[in-house]
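Each of the next two complexes has chain A plus one more chain, namely chain B in the first and chain C in the second.
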Partner chain A sequence: MSQGTEGAGGEVSAASTAVAASPSRAAVRWRWRGAGEAGSPYLLAAFLLGAYALPFVVGLSAGTVRLDSTWFANLVSVLLGGVMQGGVYAMFALGLTLIFGVMRIINAAHGEMVMMGAYLTWVCFFRLGLDPLLSLALTLPLAFLFGMAVQKLLLDAVVGQPELTALLVTFGLGLVMIYTAELIFTTDFRTIPYAPGALQLTSTIAVGQNRLISFVMAVAISTGVYLFLKLARIGKAVRATALNAEVAMVCGIDVQKIYLLTTGLAAALAVAGGALVSIQFGFNPETGVVYTLQAFAIIILGGRGHYVGALIGGVMLAVLENLVSLMVPNGTAMVELAAYGLMICVLLIRPGGLMGVKEA
Partner chain B sequence: MGRTEHLRNVALVVAAAVILAVIPGSLTLYLRSFVLFTMMYVVLALSWNIISGFTGYTSFGHVAFYGIGAYACAILVTDYRWPWLATLLVAAAVAAVVAVVIGYPVLRLKGPYFAIAMLGTAEGTRVIATVWDGLTHGGLGISLPSAETSMPTYYAMLALMLVTIVVAYVVGHSRFGIRLNAIREDEVAAGALGIDATRYKLAAFVLSAVFPAVAGGIQAYKVLYIDPPGVFFVQITIAMALMSMLGGKGTVIGPIVGAVLLYAAQEATWVNFPTAHLIAYGLFIVLVARFLPRGLIGFAIDRGWARKGMVH
Partner chain C sequence: MNTSPIRTLGGVLVALLTLGVGPAAANHRPNNEVLVGGAISQTGQYAEPAGRQANSIKLWVDEVNGRGGLLGHKIVLRLLDDKSDTQTAIKLYEKLITEDKVDLVLGPYSSGITEAVANVIERYKMPFVAYGASALPIWEKGRRYIFNIVAVAEDYQKGAVHLAKQIGVTKLAIIGQDSLFPRQVAKGAKDWAQKLGMTVVLDENYPAKQTDFNALLQKVRAAGAEAVISNSYFADSAAQLRQMREQNITFKLYSSTVGPSLPNFPEQLGNTAEYVLGFSQWEPLPQILKHPGMKEYIEAYEKRFGEKPNYHAGATYGALQVTEAGVKRAGSFEGEKLREALATVEVQTVFGHYKVDAKGMNSHEGLTFQILKGQRRVVWPEKWAEAKPELPMPEWSKR
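Let's look at the complex of A and B:
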């Protein structure tokens, strides 16, 4: 992706574009090695193995790993919980990867949209007395409209501009959302007591009901969106735009409309994610930032533009986070490192992630 | 740019330096720290501009270096009883080393990937500062031994700002700076012209990391208390980027103007609208990025008020 020309210093570009056609020697050698931008999948696999082994190693040396049956039951519960949490992560990451894939925009306000979903659900639950799952019927259309408004007012103008513009616009939007939420709801942590019971699989292994419900909902919604993108005519148009907006335009696709649809869909996915997160964890207006970074980590791990990759990445991140919080001392603070570490290392080892970059 | 223009710019900087050096005695404590923080943001915005404005690699995690500098200073002063000024050198050295270690791999990434990786680096550094109890005192933060520090920190910040301005100006007008611009415009073509892009990017990155670290150290000694969420605050990165963009990134005067305007505006709104100012700040970021992506200088150039290349 090339950098845009900014203000001063334009005189260099005229000279440099003349030679741009001839690739540098370094680039040729790079291609000759056959590695390309994708990087080595074996290295990535080795890294991931190491990353998953690390919490065990730390746990063993710190004495939090006890190799007895209760500990194993605990481990299995935690792994199951991780998979379920991962389904929800994957769903809101899907929204981020949609926007990034179609418009090459990093939506830094994505986590705030998740946070908004959590508060909308909270309002529905406590003020309107609606069941959190039922309230989705109300909140998702609202979120879709919100996303379309964001696209129309803000993002349309920044598509194709240098990444900083989009980053700042969406970050500013996120700040407005955070502090508006603080004004309305204060910074207190909120929870929604919904299906708090646990489902006993065996006498020692249990899964929270709320997690199971969230997971099922997340899988259903993600599958729906996936099928829509794969099968529906307009879904195919979204994918075509992601591949190459100009060619899509030439083929008669109304790209502006696709952008509207994409951001609407992404906002709806984020808000749905927020609803499902809100019945599992406490939240306050500032929790959104963490979700944004988790979603980044997931789409980078999965490979950007890959919808299935996002699902796998979501589950992988959540499982790793749960392993860390189970075994590493001081785990709750270290959990965040899982996302950042995974993200940076995957970017460096294989920017394409698990599935490889799908370049147009 | 001609010789007379260079001389004019030098005269402007010297005049500003003399004024800023004379006034602190006659300022109230509040105004003195206001000027100090304005100067700090000038340093931060100018430094960010070296890697992100000149070279085009948008760092979305530059606060990492600021935080590292603040911690280096606070730890050495509190736990090892170092004289404060000496710790600033260590802060700069640590930041330079970290910049090389992080920059070497991360600068291979382009565009949004680099931005995200830097964001992750900054957040990761914050978590490390929180977890590494033995070194950083953990999430409770560090209280520095109290002292009357408003004058020494003022002059230290003034000196740092002058050094930063001079370095940014020299870089901006040297072959080095022109090569950075070439990398920004087209890295492959710059490589074809014989520019060792990796080395130049790394040099720019290290330069842009050193000054924020020293600024962080001075700030720690000024405020006498630091904690991880405070010195690794994402919004400091945002402020660097926004100030550069507001003035005009890729220039030297732009970040200076942007930092002064924005910090003053922030202070004024914060005092008058304590609750709404954060929402207004968010809106302001959106509006600047949406309508003024090339900054006030771009705005002036578009209307023919300034010649391209005149204000550089």
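Let's look at the complex of A and C:
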């Protein structure tokens, strides 16, 4: 997988170091290439193999792994669940990574945008009687406009400033969004009873209809955004800006416009993520924080500014969490330990994240 | 991060304005008023139940002021926000007692926060009736100034375990969020299961922000559990039910501690919530519980807040009635005298009977209900049962 995606999104990850191409950065990058490149893929592969095998080993010794047909059915359900979960998380992580890649801004309000998406969908469902998927046609343009407004009013002022400034601004935005949502919707938990039934695959394996719908939508939207960045003229301009904003400007790209587009797109991805989350889980104005953390862990694991990395990171985290939960005794209490342990170890081996090491 | 001092300042200014005095006169009990204060979670993860408690507090304050105040003093309420955070709560109670010099303290929400705040009130000898805490260990540390009114966590699943026994369940799974209250509930459920001769085949906790229960549910099924005792709040219990349905896993009984008792649970989940058991300290059912004053309280609450009070609201109102009776009996707001009064007074509240033992424990009996056709119907104990429990739960395709 590390070679096959060479051209996929490596450009943006390169941008994450290239934009601030100070001598010391360049030196670090060079060292990765020189010292790390040869050994690290094998070390990484060995580590990942070990990490994913560990729950099985523990399960075997504890007797929760039984190798009969019921157990395999459980395993398949859990793996399927993990992949579907990861796909949805990866989609809104994509928005976070997009903003970071283009503007080097960490959007601490990203989870709140997810929460906003969940509430918009809720309003459409309970007040307007709209199908959650149809309501995307209404909420995504709204989200896009919201993102552009955020860019115009807040982020334009902090692009190029020290990273902490942008972090504080977006953190403040997140708080404003939380308390606005509390004013309008109170702190009551909500959820949307949409497509609650099961889709029976075999007599013992079933997947939720809402999960499948969410996953398919997430994949479709992610692919759409990816193709847009890859093929469309303006998508290429976004990537060029991510590579080097100054050179892009010299080449005649309106960088301000690209910033607007990026944040609009990121907000739309977050709101779409919120819609898909709202038909699966309960949410209240405070749940955004959880999703910010989740998206953050995913893009750090996958490689900051890397689109395919976000997808892989999302699926990897969710699958590992599920394996630990299924097989390790009292493992569900340890899923966070497993997830963040994985993240830290991957970073130790490859400081740029799974896909972040490759340079353009 | 800066909101707390600003908000506090705002609170002080508002208080000063309502007192009609300048900053210089902000000393103890001006204009024959009495300052009642507490910190309760208006934001953060506990904001929903704590918000309903705050409703009851406001209602009670206005009612007391309407009938001439506490011992003739008009109540001025100072309700701060602990943001569902234990450390913030400790700081705010220190501030309320030492800086604001409140005459009477009100309790916070959640067992964890109450446990921490109990140390503060113990130090300053300012008693309260803990309407927001139900973990038994709080009263097992020899504390003298904290009084219990609600049923303890250990008994939340008592009814569900008894009902499981009635329908012939022998294997139970106990799952729950990894925090103080759910762990205490789990401990009680295990004890009850043992007493009734049932086996706990799986006992597992999950982190507070867990949303995906697919793997855990598969594990529960693989362990051979017939019934699931889930010590959960809204989001986790809703996710568990939806994911059971998504994976078409049927148990004979599923019981959750907090989620199903929240008013919007059946509405938000639709028929996925059907047949679920839940626990309630209290329900707004005057014709069944027959506690004095219930009808009037429920009407007043509904008129003001647009919904019937739930048990968080009911317990708070009951605790405040006890406090009022205690203050009257003590004839003073002095901490030691009030403590004596709260330890000995016997009150019939809208919430039930209050009379504590030497440890400060009341013996409140809770209710187990089942969601039937979108309504919570009390099914246990039998003396208060509104409906016959419909168990075992039917398969998902028949709900």
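Heads up, the rule we're going with is that the second predicted complex is superposed on the first by the 261 of 360 C-alpha atoms of A that agree within 3 Å, B and C clash if a C-alpha of one lies under 4 Å from a C-alpha of the other, contacts with A are read in each partner's own complex, and residues count from 1 in each chain.
Throughout what follows, a residue touches a chain if its C-beta (ideal position, glycine included) is under 8 Å from a C-beta of that chain, and two chains touch if they have at least 3 such contacts.
The structure displayed is predicted, hence computed values, not measured ones.
Let me test your reading of the model: by the given contact rule, A:S325 touches which partner, first (chain B), second (chain C), both or neither?
second
Count the residues of chain A touched by chain B and by chain C, then name the partner with the higher count.
Chain A has more residues touched by B than by the other partner.
If you stack the two complexes on chain A, which partner ends up touching A:V250: first (chain B), second (chain C), both, or neither?
In the superposition, A:V250 contacts neither chain B nor chain C.
Given the touch rule stated above, what does A:L231 touch, chain B (first), chain C (second), both, or neither?
neither
When the two structures are overlaid on chain A, which partner does A:E336 contact: first (chain B), second (chain C), both, or neither?
both
After lining up the shared chain so the two structures overlap, which partner does A:L67 touch, if you call chain B first and chain C second: first, second, both or neither?
neither
So which bits of chain A does chain B touch that chain C touches too?
Looking at chain A, the two contact sets intersect at 175, 178-179, 182, 330, 333, 336.
Quick check on the complex: what are the chain A residues that touch chain C?
Chain A reaches chain C through residues 64, 66, 70-71, 74, 77-78, 81-82, 85, 175, 178-179, 182, 186-193, 196-198, 200, 206-211, 280-284, 286-287, 290, 318, 321-326, 330-333, 335-336.
So in the complex, which bits of chain C are touching chain A?
Residues 3, 43-45, 47-48, 51, 175, 178, 203-207, 209-212, 214-216, 218-219, 221-222, 234-235, 238-239, 242-243, 245-248, 262, 264, 268-272, 396.
In their complex, what parts of chain B are in touch with chain A?
52-54, 56, 58, 60, 105-106, 108-113, 115-117, 119-121, 123-124, 127-128, 130-131, 139, 178, 181-182, 184-193, 234-235, 238, 241-242, 245, 248-251, 254, 275-276, 278-279, 281-290, 293-295, 297-298, 301, 308-309, 312
What residues of chain A sit close enough to touch chain B in their complex?
1-3, 5-13, 16-20, 22-24, 26-27, 100, 104, 106, 154, 157-158, 161-169, 171-180, 182-183, 289, 293, 296-297, 300, 330, 333-334, 336-337, 339-341, 343-344, 347-348, 351
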